[in-house]
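Next up is a structure, given as structure tokens.
Letters A, B, C and D mark the chains as written, and numbering starts fresh at 1 in each.
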Amino acid sequence: MVTLFLVLSLLTVLSALCVVFTRNLIYSVLSLIVCFFAIAGHYVLLKASFLAVIQVIVYAGAIMVLFLFMLMLMNLNKKAEASKPFSLKVVAVGVCLLVLVALVSIVFLSAPRVCFAPLAPVSGSVSALGPLLFNEYAIPFELTSILFLSAVAGVVMIGSYGKKAKKQ
Amino acid sequence: MILLGVILFPFLSAIVSFFLHSEKGSKAWALLSVFIEGFLVFFSAYLYSQAGYLSVEIPWIQTLGIHLHFGVRGFELWMMILSAVVPAMAVVSSSSKRANPGSYYGLLLGMQGALMGLFACANLFLFYIFWELSILPSFFLLMGWGGLRKEKTAVTYVVYSLAGSFALLAGLLYVFMSGGQVSVYGQMGVFILFFIAVAIKIPLWPFHSWQPDTYEQTDHATTMMVAGVLSKMGLLGILKVMLLFAPLGAVFSSDKVIGLAIVSILYGSSLALVQGHFKRVIAYSSLAHMGLMAASLFSGTSEGIQGSIFQMGSHALNVVGLIWIGHIIYERTGTLKLAELGGIRSRSPFLSAVFLVVILGSIGFPLTNGFVGETLMLFGLYSVHPLFAILAGLSLVLGAWYMMRLFQAVMLGKGNSNLPEFNLTWSERIGLGVIMVSIVGMGIFPQPFLDFVTPSSFKESDSSCTQ
Amino acid sequence: MYSIIILTVLGIIGMLGDMLPLKRLFLPVTLLGFALAWLGYFFEFPMHTSLFSFDLISMCFGGVMLVITGISVITVYGYGSFKHGSEPPYTVLALMIFATAGGLLMVAWSHLMMLFLAIEILSIPLYVLVGSQGDRKASQEASLKYFLLGAVASCIFLFGMALYYAGTGSFLLGAVHPHSLVGSAGVLLMIAGVCFKAGVVPFHSWVPDVYEGAPTVITGWMAALVKVAAFGALTKMVGSLSYSVWGLEVMGMAVLTMTLGNVLAVQQGSLKRLLAYSGIAHAGYMLLVFLPVTETSITTVFFYGASYALGTLGVFTVIHILEQSGLSATVDALRGLFKRNKTVTLLWCLSVLSLAGIPPLPGFFAKLLVLMHVVKAHHSGLLWVTFLNFLVGVYYYFRLILYPFTGGLSEESVVLSVWQKVGVVILLILTWGAVLFPEFLLSVF
Amino acid sequence: MTYLETIPSEWYLILSAIVFCIGLCGVLIRRNAMSVLMCIEMMLNAVMLLLVAFSGYYRDFSAQIAVFFIMIVAAAEVAVGLVIFSMMFKKTSSIDLDDWGHLKG
């Protein structure tokens, strides 16, 4: 189990690094998909099977395909992205390392309070999540419809803008 | 309730005035309004003489415990009479055509309302609100109807005024937070903050640099208001707030304040000697006079305080007279530069006679109002420290010098040969006549006015000034 | 919950606006709906569940937000040129209504997940609305910048939420153990996420660009709504947390925010950027109220938010009117406004003076309340910093008051459309109402 | 069970902190708006991983529900973001953030 965790973590981190540091956008997207699959693997390890499936379907399936589609549409894969000045990069990496060190030190400083004794097995199956989602969390579930409505309205408005402008 | 009427009436008529457009109509409305306001003030003076104390209290913001609380004692009534008379003079003296007369008179009336509120208010919160409210109309008047350099002047004026009112706000907050019982060190701090506020308003020497430009650039009616009444706000602040909430601060630092005031007396007098513009001479002479009033307020003697309060009125009268005469000259000749003026005496003997009387009043010549006030003030200062009185007395000598110089430059000499005729209108004749008569009248019969402002009327200044 | 439902229905009506038969009824129905939405609070008041708490805070802040959107809807309705047409921009109105629903939720949560959802419901329409003036490049850039930075801020908020959950095992605030470092770090990250919305330094870099890029009617509405919503959410957040977790950081942020906002506002030549930086400074003043949270904090932040919203709406309405008369939104465009239209000048002066905090306008009471709070907190250094900031603010606001009275670029008088007149009159009435009866707003808590 | 016993919770904390920081780094150093959005998605995934892990430790499903909502929101956000990008792209044929430096914070 630990081995599996370590392998998946290594895969996650490496592919994440790959996303950030490759110039080619296509490679970047592909390694992001790898990263998402690795995280889905973690979910399986954590017995959150439903979320693992959703992760694969929504993220690796839908969102990343949307990304790839946009890349193709804009024809961005041809020219490699120009990079920011080196000094800026160093500063950015430094800042992020600092944040990381801060977070890790916080984790270790409060270690005895974070590490809990393991409890009875959990299983994030659909049968467990479903009632919760549609009983206790029914209202936020409905509220997400406002989110989607406004997203749809906005997308249509912006998307149709060019057409109307051309007509006139 | 009459007090509420006195305060609200100018604001209401100001709102009406904003909607008037014709020159004649708006002036007629403004005249009517200032006369009704004058009537209201004198009626409340009558009521005061019957009752001894006028007050009104209405709840406003109960969450913060803020009430609309007004109460009037002798010297406050004196200031209210002042701020009824000076705007009336200002409106009567306005004759020239200007853009947006309705807004102009509306702002003047609004300023009158703010001053009435400031003089009549009986708690710190209202004091601050009206203090700040009086800045806005003068700023807009300067901005809308000022001279060529009005923008820069207006910014200077407003930055100074607001710096002062922020200092005032800081002090008031401190007083408010300590529940009226300020510690000794706290009183020193509060005293310094209040002092900055009033010193900018009066103005006193290091804080005065907004004043000459403002006097020069504003329209004459605004100058009358600023010189005649707005500058007295500072002195009133000393009486009404500073001595009440930071008495120990006043005790410890009165010497330093008197020192500053004497510096500004000497500074103002000597600079008034070399100015080449009519209104700038008035500005620096005002600096000197106001310095003397501030110094004698801090002398702590009853003669000094009484003289100072008396002098507030007579200085207002004199300075209004001077500015009015300046305005008449400016209207006829189109300039107020001393080098371009001269020989007006031969054109208008009446004007030069009035001018002479006003000048005599402002240099403290016996039998004029200035004499009564200045004598009392110097007497008060002398009993604190003879040196102060001697230095302050220099102002009389210097004052005679620069005023005579002014008279000579404007009235005597051969001057400009193509001077127009000086035909004074009836309103000008009557107004200047009233000023002349009251200058002499206050000098010969000062007692009724001094009774108004007996020190006892504010010594027992009740605790209603707190929240 | 009724209010959210009503707003959703109104939003859907707006989305279908182009196809509806009785288009004339749209505005009255919308405004009536807003009134009903506010009345809806009374039917379920107070409602506390594990997800929501519709309490006094949410009712009052929600009421202010509904008023803000109501006024903006009137002016936007009269402004048909979003899409080069004379039709009212129904989609824009629908998005504004949806965002308001998000704003109402931001002050009605009790579960952190709900706060996150509310922030997103508020933000996503905003990203689109900022870019809704598609023919201006600045508008698109602002939209993009706002979107990317907003998404990062959401991530930071979420990471904070996850850390909080890791530290405490709960999504309800108030559970953080004083020694749980992970939970405390989570709280700080969440505060940072909300502070991004409020435009607090160091999360402010979007504010000037978005204010400048967005269509002016949207800018005024957004500036007012987002600030009120964000500070309402912050009030709910910090009210249930221990002061030691966030006190020092918030104090530092407040000082930085007001100082930087004021200092940068002094140098601006573009009106919208100037107001953006001054808005940052106002966020700093409002943060002071949480140092520490006392019983007067809620009143202060509520009154400050309401008066800021009123002033901001007035100022941006005037800028919009100026832009429609053919001038760009620079400080110089104000020149000669007094000669061109006196009513608009009056609204401008009152709003700017209120933002500057000159008595007896509502902004003054707001600043006074903040000062009283700082005095009570016994931070004398903080008091002086605040004071100096007020002074700097007064300086640049008076510059804005100065210009309408000086010689102008254009002499022709400014003509308002019917709906603009209605908006201006409502704003004037509200301002005077707040002067005469501040008690009405101050006594609710 | 045995699994949860063998893997301490800090490991997940640290893993997600690492992924989050890598994403943050990407946001700071990438110039292409699309890559920045991808990095943001990565940060979101770090958050979700953390939530799911601690959902296991606390045996509390609400965190998994939260993850579900985050995914929904992320999808909506991506849709809006991509439309904004395409609008920009139509206008300028580039989605390089540094090309649009006209608005300076």
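As a working rule, contacts are C-beta pairs under 8 Å (C-beta built on N, C-alpha and C of every residue); 3 or more make two chains touch, one makes a residue touch a chain.
The model shown is predicted, which means the values in this text are computed figures rather than measured ones.
Student: Determine, using the mean of C-alpha atoms as each chain's centre, which chain is farthest from subunit B.
Tutor: Most remote chain from subunit B, centroid-wise, comes out as A.
Student: Out of C-D and B-C, which chain pair has the most contact pairs?
Tutor: Most C-beta pairs in contact, of the two: C-D.
Student: By CA centroids, point me to the most central chain in this structure.
Tutor: If we average C-alpha coordinates per chain, C lands closest to the whole-structure average.
Student: Just the number, please: Cα centre separation of subunit B and subunit D in whole Å.
Tutor: Distance between chain centres: 67 Å.
Student: Could you grab the centroid distance between subunit A and subunit B? Build each centroid from C-alpha atoms only and quote it in angstrom.
Tutor: Spacing between the chain centres: roughly 71 Å.
Student: From the C-alpha centre of subunit C to that of subunit D, how far is it in Å?
Tutor: The answer is 27 Å.
Student: If you average the CA atoms of subunit B and of subunit C, how far apart do the two points sit, in angstrom?
Tutor: From the centre of subunit B to the centre of subunit C is 43 Å.
Student: What positions in subunit D touch 2 or more of the other chains?
Tutor: 9, 13, 20, 23-24, 37, 58, 62, 65, 69, 73, 76-77, 80, 84-85, 87
Student: Can you list the subunit A residues in contact with two or more other chains?
Tutor: Those would be 103, 107, 114, 136-137, 140, 144, 147, 151, 154-155, 158, 161-162.
Student: Among all residues of subunit C, which ones touch two or more of the remaining chains?
Tutor: Only 113, 117, 120, 124, 127-128, 131, 134, 166, 182 qualify.
Student: Using the contact rule from the top, write out all pairs of chains that touch.
Tutor: Pairwise, the chains that meet the contact rule are A-C, A-D, B-C, C-D.
Student: Can you check the complex and tell me which residues of subunit A touch subunit C?
Tutor: 103, 106-107, 109-110, 113-114, 136-137, 139-140, 143-144, 146-147, 149-151, 153-158, 161-162, 164-165, 168
Student: Subunit D touches which residues of subunit A in the complex?
Tutor: Counting only subunit A, the residues touching subunit D are 1-2, 5, 9, 12-13, 16-17, 19-20, 25, 28-29, 32, 35-36, 39, 42-43, 45-48, 50-51, 54-55, 58-59, 62-63, 66-67, 70-71, 73-74, 76, 81-84, 88-89, 92-93, 95-97, 99-100, 103-104, 107-108, 111, 114-116, 118-122, 124, 128-129, 132-133, 136-137, 140, 144, 147-148, 151, 154-155, 158-159, 161-162.
Student: What residues on subunit D touch subunit C, complex-wise?
Tutor: By the definition above, subunit D touches subunit C via 9, 13, 16, 20, 23-24, 27, 33, 36-37, 40, 43-44, 46-47, 50-51, 54, 58, 60, 62-63, 65-66, 69-70, 73, 76-77, 80-81, 84-85, 87-88, 91-92, 97, 100, 102-105.
Student: Enumerate the contact residues on subunit D facing subunit A in the complex.
Tutor: Subunit D residues touching subunit A: 1-11, 13-15, 17-26, 28-32, 34-35, 37-39, 41-42, 45, 48-49, 52-53, 55-59, 61-62, 64-65, 67-69, 71-80, 82-87, 89-90, 95-96, 98.
Student: In their complex, what parts of subunit C are in touch with subunit A?
Tutor: 1, 4, 8, 11-12, 15, 50-52, 83-85, 91-92, 94-95, 98-99, 101-102, 105, 113-114, 117, 120-121, 124-125, 127-129, 131-132, 134-135, 166-167, 177, 179-182, 185
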